[in-house]
Each structure stands twice: as C-alpha cells, then as structure tokens.
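Consider the two complexes below, in which subunit A is the common component and subunit B and subunit C are the respective partners.
This part shows the complex of A and B:
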C-alpha cells in the first residue's frame, strides 16, 4: 500500500479514470477499439519525446530543444531518402544527429555551465535554423515510399501492429528497465534529487547529466524518423511546440521540474490523457479552436490531482509512523 | 589602480557588460552599413512590445519564478483591444480593457501559483495554452482588424520632436519599473525573495503577496505590450504572440538577469533585449538572409550569457565588493534597510 501510494503515476491514473469516466458518459463511440487506435496512433511520437524528457527531468534538467531536434531529424531522413540512401543507413544517420545534439546540450549545460533552460533554447534555435537553411524555407516532399509509410505507421506491418507502436513499447521497456534496474538509473535519480551529495559520494555527475541529454536527443531523433513517415512532408517549422507538449505529458505523468522524480509509464499515460482529452472534445463536436484551452485546463487539473495525491500520501504515512511509535 | 578598480566595479553591475557589447555592435554596424542609423529607429519601434515583455519577464525572474504565458497573453491583449475597438467602444476604454486582460492573466497566474502552490513553470504553461486558445477562438469568431481610431494608431506612429510616441510610452514604463525594482520596498522584497524565498519569509516578508505582485506586474506589462502591438500591426492573427515569451526570457537572461533569481534590473533586461534585436536588424542590413536568424539568435544567446558570466566572474574576483553586495543593486553607505 505504501509503495503504491508513493508511486508518482498514481495521480495520472486517477486523472485517466476521471477523463475516461467523463468520456464514457458523454460520448457513445469513445470505448471502441477503432477510436482508441485512432487517437493513440497520433500520439506515439509525442510519447517518445515525453519519455526522453522524463529522463532529463529526473536528472534535474530540462530540454527545450527536442521539438526542433525532432524536426531536424525528420528533415535528415527526408533529405537522405530523397538522395536514395538505404533505410537502415538513413535511420542510423538521424539517430547519430539526435545523439550529437543531445551531447552538445549536455556539454553546454555541464562543462560550459549555461543554465539548462538557455542552452537548450539556443540549441532549439540552432536546429530550427539549420533545417530552415537546408530546406530554404520550403517543405521537403517526394521521399515517401512503402517503407516510410510503414515507419510512419500509415501502413501496418502485421494487422493492427505499426512501427511507431512497437518503437514506443520497446523504448518504454528499455528506458523503464534502465531507470529501475541499472546503476545508471539509480545515479540518475540521485543526481536529480541532490547533485552535490551525489558528487561527494564519488559519482561522475557530469557524465550522467550529459548522458541524460543524449538519451533525450536519441528519443527526439526516433520521434523525428516516425514523424517523417507520418507527416509525408517535412515543413521547416515541423517541430514548433512539441517540446511544450512533451513537457506537459511528462509533468502530468508525475515527473517533477525539481528533479529526482518521474516514471516512464507516467509519461506515456500523461500523453494518453492529453490525446484522450483532445479526442473527446473532437467527438463532442467542440470546434478544434478550443483545443488549446482544454489542454491548459487539463494541465492544471493534472497538477492539482498530483498535489492532492502527495498530500494524501504524506497524511497516511504520518499516521502509520505515529501508530508504530 | 584607481581606474582599474572603477572599471571592475562598474562591469560587475548587472547589465553594464551587455550594454557595452550593445554599443560595440551598434558602432560596428554603423561602420559597415552607413544607413544603419536611419533604419534603427524604425526597427526599435517594431521591437518595443517585445522589450516590454522582456522587462516583465525580468521582474518575474528576479523574483525567482518564470512566466511563460507573457507571449500569448500579449497576443490576447492585442486581440481584445482590437475587438473592443472594432465593436465601437471608446479608444481609451478598449486600451484599458487590453491592459486589464494582461493584468487579469497575471493575477490568475499569481493566484494559481501562490494559492495552490503549483509550480510556476507548469501554471504559466497552462495559462499560455489557455490565453493562446482564447485568442484563436476570438479570432475565429470575429475579424480582428480594421479598427479606425487616430488616437490609437498615433500611439505607435505619432511622434514628438521626431521621436516615435511608443518610445516615450515604453521608456516611461521601463523607467518606472527600474525605479520600482531598485528604489522601492516592493523592489527590495522581490530581490530578497529571488535570493532566498525561505530567508525572505523568515525575515517577515509576505512572500506570497510579493510573488503575486511580480506576476501581476509582468501580466500588466504584457497587456501594455499587446496594446502597442495591436496599434502597430492594425490587425491581430490567431497565433500572435506565440514564441515571444522565449525571445523575452532570452533577452532578459542575456542582459544579465539570473534565472536563479535575485539578480538583474529592468535596464539590464532592456539592454539584453536591444542587443538581440539590434543584432538581428544589423545582420539583415548587412545582407544575411533571414533564414540564418535562428542560428544567429541561438549563438547570440549563448555568447551573451557566457560573456556576462565571465565578466561577472572577473568583476567579482577583482573588485573589493563581495558577492552578496553584487547580487543586489548597489546600495548607499549606511543603508541597512
């Protein structure tokens, strides 16, 4: 019970039940497999971004560049595919660029000592700028073929199973295991909760923080590869605003901006809540112009629920310790 | 020796290093492109709304928080002003309504943050979406252009003694904010809260109210910026203001306002905002294509912040001031308040 209560995803589960409950009463077609695959298929790439963001948030940083990095990697995929490069090579190139930008972010934050907010904001401007120069401001088109349709999830690989779905699940398990089972994961939480104490216990804090940014860069690259297939064109302003959505999903899922808190499953459920909300208001026939207002509202609601859970937990834990003593 | 001391003392005042850099690039551009002088006034007129946002962002950051909603709130204020003006309200009233919109969102931010204890980043991210969404709804419901009011357009396009009116308005507002930050009790409290909220609380400062005040101030400034923006553009589009918040925060930080809180001033933020803006304008005149601006602004951000940090380090090491004094505006001898 205690363990369950201190799990950061408790809040988002409550929220999920709340939103799902409202939906089941108001919309008939909500609880159909068709509808679920529908709104989930549009959210895998944000899930990937949110997972990377969660890792950085746990380490006590923030990465505002992932939206732009995602767009840059999508641009690289499209450009290289147009030049006839084979698909695995294209993917490796995009991943390498993502890792490189992440590494650069990490170095700026740790070695140069810039505030994470500023360093990644500048990196976001860089990445967008490079894509703009590269594309000369016009969308990249004409690279789509059957393989990229599959990568983008427009064509399934086996019945209902799509590449984005598999990627999201694999990455989720990999990152989840990394956070829970490996030494690096434990160090990551430790760096996020108290950097100084971690350094003084002999852990290479700089390395861990850089790696956190590399992971988020790679996640952004994966997301970009999928985006290139899904969007069928790569306009230069593709990435605008996705970093904010990813941060929102990670925070709804129980990650903390203070560091040292967060779960991969939380990030996924957070994005599901966001996608679900948009899906519901679409089904209800609310004009899409109202979407942003609802996203803002759900964000506030999520934080309130999370806070309520934390205060409840503190109360219950206090009571149980009082009983013991 | 005396000059050396004076030099290190002055460069360690927040904003001075970047102001020096600003003068340097202005001179450089003037040297390369002789028409720079003639066009810069025009350009700064365009920049005025963002400069107001920068000062607003600086106030909140000095208080140790962050306000992401200013960009879209500015857009919404512009929308509200345009809407009320187009529907026939008196000009003064619609300007007031625009500013009130900003103040309301500032109050909302402050209320959510202080009352529910929600993280400022998340709370203002939420109000960013809400205000941006409201502008989209508003712009779809009505046409936000075509308001005819001479007084309104004269806010930006009029001039006294050859200097655009908006300079006077923005200058007065920024001067007021500088005075408020450095010379009033509230300003002192904002710095104290930014340095350490807990210590300020122990010292008997009502931290919640001071925090609320910083958000109301930045919201109000966003409202003023929105009114000026509407006057300049003559029409408002659905996504107006989106992304301005990052430009504003970047300007403030380049000017030497520390994201950790407790350091900075309105003038420093102004210098930072002008630096980024002038750089963009100068490069455009030199003939750099606009598609390079993203890279240049990213570079300016990094270089500006590193430059400021290094100068501050040197200043702190060399001057006889200690870091505690430097963290705050210079105070007079015998002033223990």
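This part shows the complex of A and C:
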C-alpha cells in the first residue's frame, strides 16, 4: 500500500478515473471499442514522444526539439520512400537522424554547456528550417502505399492490431525495463535528483545525459515514421506544438520538471488522459474555443492531484514513523 | 520631342482604353482581357505589339522590388507565388521589367500573425516598391502598418485576406477605410463555405446529416467559411449539421476529429472540411471506420476547400468527393497585374478584387488540375 501511494503514477490513475467517470455519464458512445480504438490510434505517436520526454525529464533536462525532429524524420521517410528506397532502409535512416539530432542536443547541453531549454529550442528551429528549405514549403506527397498505410496505423497488421500500437507497447516495455532494471536507469534518476553528488560518486554524468537525449531523439524519429504513414503527406509545419503535448503528458504522468521523477507508464496514461479529453470535447460538441481551456484545466488538475497524493503519502509515512518511534 | 509626344499619346490612349474596359470589370481583369488571356498567356484577337512597345518604353528597364509575406509556407502559397512569378516573367519578357522578389514567412503559428508585422517593417525599412501580404494579425494592426509604410512610398496589397470581415462601405469612402491599395481574394463566405454547402445540398437533394471539421477557433477564415456554409444549409430544412469539431487546419487533427464524430454519428451523409487537409483527414477516418465514400448515389460526401494538386489527386482516386478551388495561381497572377497597373501604369485599381472560385469534383478535375500543374511546371523563379 505504501509503495503504491509513493508511486508518481497514482495521480494520473485518479485523473483517468475522474475523466472517464465524467465521460461515461455524459457521452453515450464513450465506452465503446470503436471509440477507444479511435482516440488511442491518434495518440500512439504522442505517447512515443512523451516516453522520450520522460527519460529526459528524469535526467533533469527538457527536450523542446522533439516536435521538429519528428517532422524532420517524417520528411526523410517521405522523401526516401519517393525515391524508391526499401522500407527497412528508410526506417534506419530516419532513426539515425533522430539519434544524431539527440546526440547533438546532448553535446550542446553537456559539452558546450548551454541550458537545455535554449539548446533544444535552437535545435527545434534548426530542424524546422531544414525541412522548410528542403521541401520549399510544399508538403511531400505521393509516397504512400499499403506498407506505409500499415506503418501509420491506417491499415491493421492483424485484426485491430496496428504497427503504432505494437511500437508503443514495445518501446514502453523496453524503456520501462531500462529505467527499473538497469544501472543506466538508476544513474538517470540519480543524475536528475542530484547531479553534483552523482558526479562525485564517480558516475559519468555527461554520458548519461547525452544518452537521455539520444533516446528522446530516437523516440521522436519513431513518432515521425508513424506520422508519415498516418498523415499520408508531410507538410513542413507538421511538428508544431507536439512537444508541448508530450511535456504535458509526461507531467500529468508524474514526471517532474525538476528532474529525478517520472514513469513510462505515467507518460502513456498522461497522453491517454489528454486524448480522452479531446475525444470527449469532440463527442460533446463543445466549441473548439473551449478545447484549450479544458486541456489547461486537466493539466492544472493533474498537478493538484499529484500534490495531493504527495502530501497524503508524506502524512502516511510520518504516521508510520511516529508509530514505530 | 515629337516621338516623346507620340509615345505619351499612345500611352494615354492605352490607358484610356483600359479605363473603358474597367467599366465592365476590375482594372486587373481588364488588363488580363486586353493583353493576357489567363489560360493561354497571349491574346488571339488583338495585336498588342504597339501597346507592348509603348509600355516597354515607359518601364525603361526599371527594377521593381516586391515583398511577399504569406501567413505560412504551404502548398497553397507556393502555388500563389508561382502564379505571381509566371506573371512577372511574362511582364519581364514583354515590357523589360526587372524584378527583385523576397519572401518572408513565419515558420510557426500561421494564426498569430505576430511575425508578419516584423516582416512588414523590414520591407518598409528596405524601401520595397510593393508588398503582398496575407496575415492573421488583427486588421487594425495591419492597416496601421500599411498606412505608415505607404507614407514612405511602399504600396501594400493584401491577398487571400478576410477583409470582408472588417471593411467599411465604399459608399462614402473610396478607400473603405483601408490603407492597402487593393485586396485580392475571394469571399470566404459566399465563394467558399456557401459553395461547399450548395454542392452537398445538390448531391443529397436537400436531405441529410452533415458534420463539420473546422479550423482553429478565432480564425477569421474559419468564422467566414462557417458563416457561408451555415447560411446555405439553413435554406434546406432536410439538411442538418449534427456535429462539429476543431481540426486545426491540419490533416492529423482533422482525422482525429472526424473519427470521433463518426463514432457518434456513423450514419451521416457528408463531411465538410473547411480546408483540404482536414477534409483528407476526414476521408482517412471514413476508411478507418470502414464506411463508404460517396459514389454519386450513396456513401459519405467529403468536401474541402483550397484547390491543391495533392487534393485533386485524391478526387481522382475517389477519396475526396470535391473541393472548392479558390484559384491560388490566379490570385498570384492577379496580384502582379494589379500592382503593375497601379504602380507602373498609374491606374486606379479596384479596392476589392475577387478571383473566381469553383467546385472541383471528378467531372472537371482534369481542367483545373492541369491548369495548376502547368503553372507549377514553368520552373520560373525569382
């Protein structure tokens, strides 16, 4: 029980139950398989971004370039596919670019010493600029075929199972296991909680932080590969605003901007809460002008619920300590 | 001396004939009719050699510096720019005008318009001759900038704008309270939203359920197109708008919004996507829900608005039923013709120039797609 209460995921579970509960009373088609499939299929690529963001947030950084990197990688997929390159090679190229940009972010932050916010913001502008120059401001079209439809989740690989769904699940398990079961995961939390102490204990902080950005870049690339298939075209302004959604999902999921806290499952559930909120707004016919207010409200509620959970946990821990003493 | 007088007389005669022609249409269209057929590029009936020579003399090889400030870089504005470049090339060949063209567009958030105000100030500082602007910034802010720029000799032309939302009447004020020389656009209400609704009404014979995928809340384009769409739907008691959602003018959000609404209203007859990207997202949502696209008798009609090559490809495939082609290439050409008529020939041009719009579906996609492709194929660049 104590372990559950100290888990940062508790807040988002409470929020999910709250939002789902409200929806079940107000929207008749909310609890249908079709509806869940709909809003989940539109959120896998944001989940991937949020998972990468969570890793960076745990390390005490922030990655504002993921939206632009996602768009750049989607552009690479579309352009190379148009040139007839095989699908596996296209995917490898996009992943390599994502990892490279992530590595650059990491080097700018650690070796050059730029603040995370500035370095990744600059990288975002850089990646967006490259895509605009490359595409001459015109969307890349005409690359779609059945394979890319499957990659984008527009066609299932088996019944209701889609590539984005499988990708999100595989990455979630991989990152979750990495954070919990590996030395790197422990070091990541340590770097985020107290960088100086971690460095003094002989851990290579620079390497850990660079790797966190590489993971984020790869997640953004995966998201871009899926997005190219889902969107069926790659406009140069594709990635605008997705980094904010990813940060919101990670924070709702219990990650902290101060570092040292966060969970992969939390990021996934955080994105589910956001997608569910937009789904409910659409189903209720709420004017779009209210959409931002709702999302802002959900974010605020998430923070309040998290704070409530933390204070509850502290009280319980104090009581048990008092009893023991 | 004599030749100068002759030239002046000739130029005046040309101007007089152009002015006469403006009685039946805008100055820009008049020039188009006399010397430039929109589709072929030359007039088959009028010998323009003397006029061309006179204008060439008037131009005297001068360089005109033009600024182009779209709200964002996109396929639509690329087509408009190419149309403008093609018209510039025509004038360069015919009249010996030299051009400098600078494009400045925001990389993010087309609907804030903040960056565009900075571009305008740059153009004024660099003493450009004319600037073509399409911005989502508040009309009062933009008009103030135009006023300040005009005082320094820079002419402003709005394109693809929503000035119908803010314009005052020309009944007592020829400028309609605007500081831009001319506003080259289409009426978003009656030449876009209303046309889409009328198409749906005609296809469904006035009876059916519709969902709307709208642009971002607060956008002037959204407000106006929705106004025109609803006005026509209201005329048909059998037509009903059952749901609406925000698609943010992008395909992915259009897909999500349409998928959500299709869960609640699987038996709808039509989807109106306020632009082509959102309509194509809605089309993908129809596929994902395993519903049927419109085949002329049954299924779901999906209609958008823009008139892009990519959209017209989807019309051919049957994934998009129709679109409102708002004539971006024509808009680009008209921008240059209007500016040239005013700045070079000294003509008074219409304050509001409406480019024609048209519904494009499978029956006429060949005409309009080939026209846009031809404009884009010229490789002319400035």
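Throughout what follows, the second predicted complex is superposed on the first by the 324 of 325 C-alpha atoms of A that agree within 3 Å, B and C clash if a C-alpha of one lies under 4 Å from a C-alpha of the other, contacts with A are read in each partner's own complex, and residues count from 1 in each chain.
Note that in this section contacts are C-beta pairs under 8 Å (C-beta built on N, C-alpha and C of every residue); 3 or more make two chains touch, one makes a residue touch a chain.
These numbers were taken from a predicted model, which means no experiment stands behind them.
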Side-by-side fit of subunit B and subunit C on subunit A, or clash: clash
First, second, both or neither for A:136, with subunit B first and subunit C second: both
First, second, both or neither for A:282, with subunit B first and subunit C second: second
Partner chain in contact with A:230 - subunit B first, subunit C second, else both or neither: second
Subunit B versus subunit C as contact partner of A:293, first or second or both or neither: first
First, second, both or neither for A:114, with subunit B first and subunit C second: first
Subunit B versus subunit C as contact partner of A:307, first or second or both or neither: first
First (subunit B), second (subunit C), both or neither touched by A:184: neither
First (subunit B), second (subunit C), both or neither touched by A:128: both
Contact residues of subunit A, present in both the subunit B and the subunit C interface: 125, 128-129, 132, 136-137, 240, 287, 289, 291
Complex interface listing, subunit A residues touching subunit C: 27-29, 32, 34-35, 38-39, 41-42, 125, 128-129, 132, 136-139, 141-142, 154, 227, 230-233, 235-238, 240, 278-279, 281-283, 285, 287-289, 291
Complex contacts: residues of subunit A adjacent to subunit B: 64, 108, 112-115, 117-119, 121-126, 128-130, 132-133, 136-137, 240-241, 244, 247-248, 251, 256-257, 287, 289-297, 299-300, 303-304, 307
Complex contacts: residues of subunit B adjacent to subunit A: 66, 112, 116-119, 121-123, 125-130, 132-134, 136-137, 140, 238, 242-243, 246, 249-250, 253, 259-260, 291-299, 301-302, 305-306, 309
Interface residues, subunit C side, partner subunit A - complex: 72-75, 77-78, 105, 107-110, 214, 216-218, 243-246, 250-252, 255-257, 259-261, 263-264, 277, 280, 284, 287-289, 309-310, 313
